[in-house]
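Consider the two complexes below, in which chain A is the common component and chain B and chain C are the respective partners.
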Partner chain A sequence: MISRPLTLKLLSALLIFGSWEMASRAGINYAFPTFLESMGALWNLTISGQIFVAYAETLKPLVTGVLISTFIGVGIGVWVGLSEKFDWLVSPIFIIMQSAPLAALIPLVIMAYGIGITSKTFVVCIMAMPVIVLNTSGAVKNTPSSLIEMAKSYLSTEREVILKIIIPSASPVIFAGLRLGVSAGFIGAILAELKITPTGVGDIISYSRMTADYPSMYAAIFSIIVLAVLFLNVLERIEKSLFAGNDLGYVS
Partner chain B sequence: MIKLIKTMLVAVFMFTTVTISSSYAKSIRIALAEPPSDELAAFFLALDRAKANGLDYEWTAFSDEELAIQSVLSGQMDIGFGTPYSAMQKSKAPIRIIYQLSKLKFFPVTTKDYNKLEDLDGEPILLHSRGGGTDSIANVIEEKLGIKFGERSYISGSANRVAALLANQAQATIIDLSNKNKIMASHGDQFNTLPMFDVDASDEALFANVDWIKANEDAVNIFVSALLSVYRDMANDPTIIRRETNPDGPIGELPEEVLAELDVFYADAVAGGLYDVNGGGEKAALADMEWYSKAGQLEGDMSTLNIEDFWYLKPLQSN
Partner chain C sequence: MSDNVNAVSVKGIYKNYGDVEALRDMSLDFPKGQLTSLLGPSGCGKTTLLKIIAGLLQPNQGEVYVNGQIVSEPGPDRAFVFQDFALMPWASVLRNVAFGLELRKVAKSEREDIARKYIKEVGLDGFENSYPHELSGGMRQRVGLARALSVDSPVLLMDEPFSAVDEQTRRKFQEDLLQLVKEESKTFIFVTHSIEEAVYVSDQVAILLPRPSRVSEIIKPSSFKNKDVDSIRKDSEYLDTVEKIWKSLRSYVE
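What follows is the complex of A and B.
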């Protein structure tokens, strides 16, 4: 796996977090805590166990939605890529889903699915699935024809062409779509918790904001960003284990 | 490597620079906590009267109170709507309340299974948001009556909680005066309004940075004077709101069905004791401090809290 020097990563972190600390100490906003205050709040949330209880709630719609989006999304994407008629039928739905403002759709989602885990999972899928489907279909359509012809010249069956040529060839872009989809899924999960009913990490964010506990609010936001980065790392390792040549080091 | 570091430093500098907001304003900037509605008609009438007396203003409607509070904390707005007691205590921000716009008049509405608050011991209840006004009311009910509610669920907006009641998704909730009157008028045979103790604490108040208030005393006095005149006239005749609302203003442009209900809304509100004709002042400050201490939004014993840390009374005292 491509790895970047640790010193560069530490320098980058130092610059970002140092800027955060300095900007807050400069007094630009009373509601903007310092980096150290936020990390202190994160420590308190961790010690009290509150953050784990919150993530137990948040991960339910998030993981469910991401898994559904991944398997169904990639499946639909491959089918769209292989079939012109299915492309014509299905692609416009995902293009519209991708560009629709989700915050405006949430009241409709609540009307249809209520305020429980179903609606939150649906929101995660709305955010994650379009980019996975469209990236996958684009990658499949752009498989080099020379590779397909080569496979056919070796008398490969259609199934073998799909599994051994098209999908491996499309895998870098499929996984790029998965990375974007997982990131979008995180956004959808937190948006659902903020806009539908507050549970999990979204509840920590809204309650902290309401009680002016801004360090805890920033701590919760920081933790979700860290978790998203960890998810992307796991995704990269899965990609590396499935397709050894796809070592592009996006999150390493 | 050097080039990379230089690029990062420039990015950091630009990030720091653009987040520093300008505090210069030619007119007062008001942060509303909700879009214009019938509840804000009296407020906009006061703005019209203030404008006639020389006050220049612009307003922005935020989607919730916390955003209005943060906009005032950051200096992007001058005056906000809300009850930022937690922000005043925890962030040590020099913001102070100058006027009580409305009191915390909310009502427990339940199905016919319950007749008094004590019956809700152990029962689930639907509230606005964790840490919000109705959550505070629930905390105080528990403390005063020695009961403990069952599971608390949260849906923002009294109208949405009414919808949940009607859809049988909840059996008990706490809603505002206007929605209580509507549901009891239309479905009084299905629901009860439970008797509740009086609350004098603020639901909505005007607050601002105290340094800004002192630097713009004339503008603040014009504004507070206009508010007092509207509230006092409204106490004598609630129909003035409908009659004097500017038809070309944000309230005048609301749907006709909403405008047609303004007289009823303000008659009920005045009769229900929603408004203090003197703008709240010290009485409201003490009630707020007691209430929000019991509700958990203010830390520390009531005896350790100072009014001056939360209210700036001079504008009311000079009008």
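What follows is the complex of A and C.
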């Protein structure tokens, strides 16, 4: 794995958090707390256990939605990549989904699935799935033809061509799609909690905004960003352990 | 048809790509235990013919015989070495070399033992756990060669195997190939566009001409075959043969 030097990571963190701190101290806006205040609020949320309760709530639709999108999305993507007919049938749906402002669909989702976890999971899925499907199908279509010929000349079955050549060969782009999909899933999860019913981290964000407890609001936003980065790191590690030779290094 | 002299024969092969006639009534014999080159300018259908022999392409008409049997799809009797190496970037050298055996359902420990043996034979000892992107072009083609050797097919099909490696490596490969043909009792079919390479490595050179593709001549260099690798390039028959082939081909090169 390509690992960037720790000093560089610390330096870039220092740079960003330092400018946050300074920008806030310069008094841009009274609703913009300093970095240290926000971290203090995060500490308070942590020791009171509030943040854990919130994440237990937020992670339910997020993890369910991301898992559904990953398995169904990669499955559909591989199928689209392999079959021209299925490509004609299905691709337009995902291309439209990817370019449409999906937040506008939330009122419809509420009408169809109510305000519970089903709606929230659905929002995560419609955010995450298109990019996963489109990346997967594109990668499958771009499998080097010489690798397929190689497998055939060494007597592989159709099934082996898919499992041993096409999927591993597409995996870097599939994982790139998964990274984008997971990020989109996070957006979906928070969007759902802000627009459907305030629960979990979305609840902390909207409640602390209403009570003008801005440090807590920033703390909640900060924590979800950290969680998303951790998620992507885990994903990268999974990729590395599955396909060691494809190592290019993206996150850490 | 039983044929003890020829490992591979093609008879009356026609192949069209849409309206373009790639091969017309192509017939050619490949003697057992020898290296036959298919030499010709680009577009003469030599790779097409090789892929038809491999069973990767279907001819519109005509038959391919391997050891007297008609074949129409890939089989255990033929192994292919690719121009662009066709290595799996996600797999180690060991797995790449053992891949042919993996597809033949050979048990893991057994196929890895065989693969190790051929990795050593092509001179990549110690690189078993490297990945293709860590190797040079020449080393990658050695992996491709080891993969083809490890399935132990009587016929080796090589599609411009040395065209993507640098000149020095290429010369070394040509010398190694001569050695290989002597040691292994295999039949080699070798596609190349280099006249020198074809004359240097071949027992028989089939010169193909384009549009429509046909065999214009078969040359069997003989006298310098038993010389050592260094003196072949200085041999007068070698030089004359190269010159003769160039004369017959030059009118087809713009």
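By definition in this document, the second predicted complex is superposed on the first by the 252 of 252 C-alpha atoms of A that agree within 3 Å, B and C clash if a C-alpha of one lies under 4 Å from a C-alpha of the other, contacts with A are read in each partner's own complex, and residues count from 1 in each chain.
Keep this in mind: a contact is a pair of C-beta atoms (placed from the backbone, for glycine too) under 8 Å apart; a residue touches a chain by one contact, two chains touch by 3 or more.
Because the structure is predicted, anything quoted here is derived from the model rather than measured.
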{"item": "Chain B versus chain C as contact partner of A:99, first or second or both or neither", "value": "neither"}
{"item": "Which superposed partner A:197 touches (first chain B, second chain C, both, neither)", "value": "first"}
{"item": "First, second, both or neither for A:12, with chain B first and chain C second", "value": "first"}
{"item": "Contacts of A:115 with chain B and chain C, given as first, second, both or neither", "value": "first"}
{"item": "Chain B versus chain C as contact partner of A:241, first or second or both or neither", "value": "neither"}
{"item": "Touched partner set for A:171, first chain B, second chain C, both or neither", "value": "second"}
{"item": "First (chain B), second (chain C), both or neither touched by A:207", "value": "first"}
{"item": "Which of chain B and chain C A:156 touches, first, second, both or neither", "value": "second"}
{"item": "Touching both chain B and chain C, residues of chain A", "value": "none"}
{"item": "Chain A - residues contacting chain C, complex", "value": "144, 146-147, 149-156, 160, 164-165, 168-169, 171, 243-247"}
{"item": "List of chain C residues in touch with chain A within their complex", "value": "51, 54-56, 74-76, 78-80, 82-84, 86, 88-92, 99-100, 102-104, 131-133, 147, 151"}
{"item": "Chain A contact footprint on chain B (complex, rising order)", "value": "5, 8-9, 12, 15-16, 19-21, 66, 69-70, 73-75, 84, 86-87, 89-93, 129-132, 153-155, 297"}
{"item": "Chain B contact footprint on chain A (complex, rising order)", "value": "11-12, 15, 19, 22-23, 26, 28-32, 115, 197-198, 203, 206-207, 209-214"}
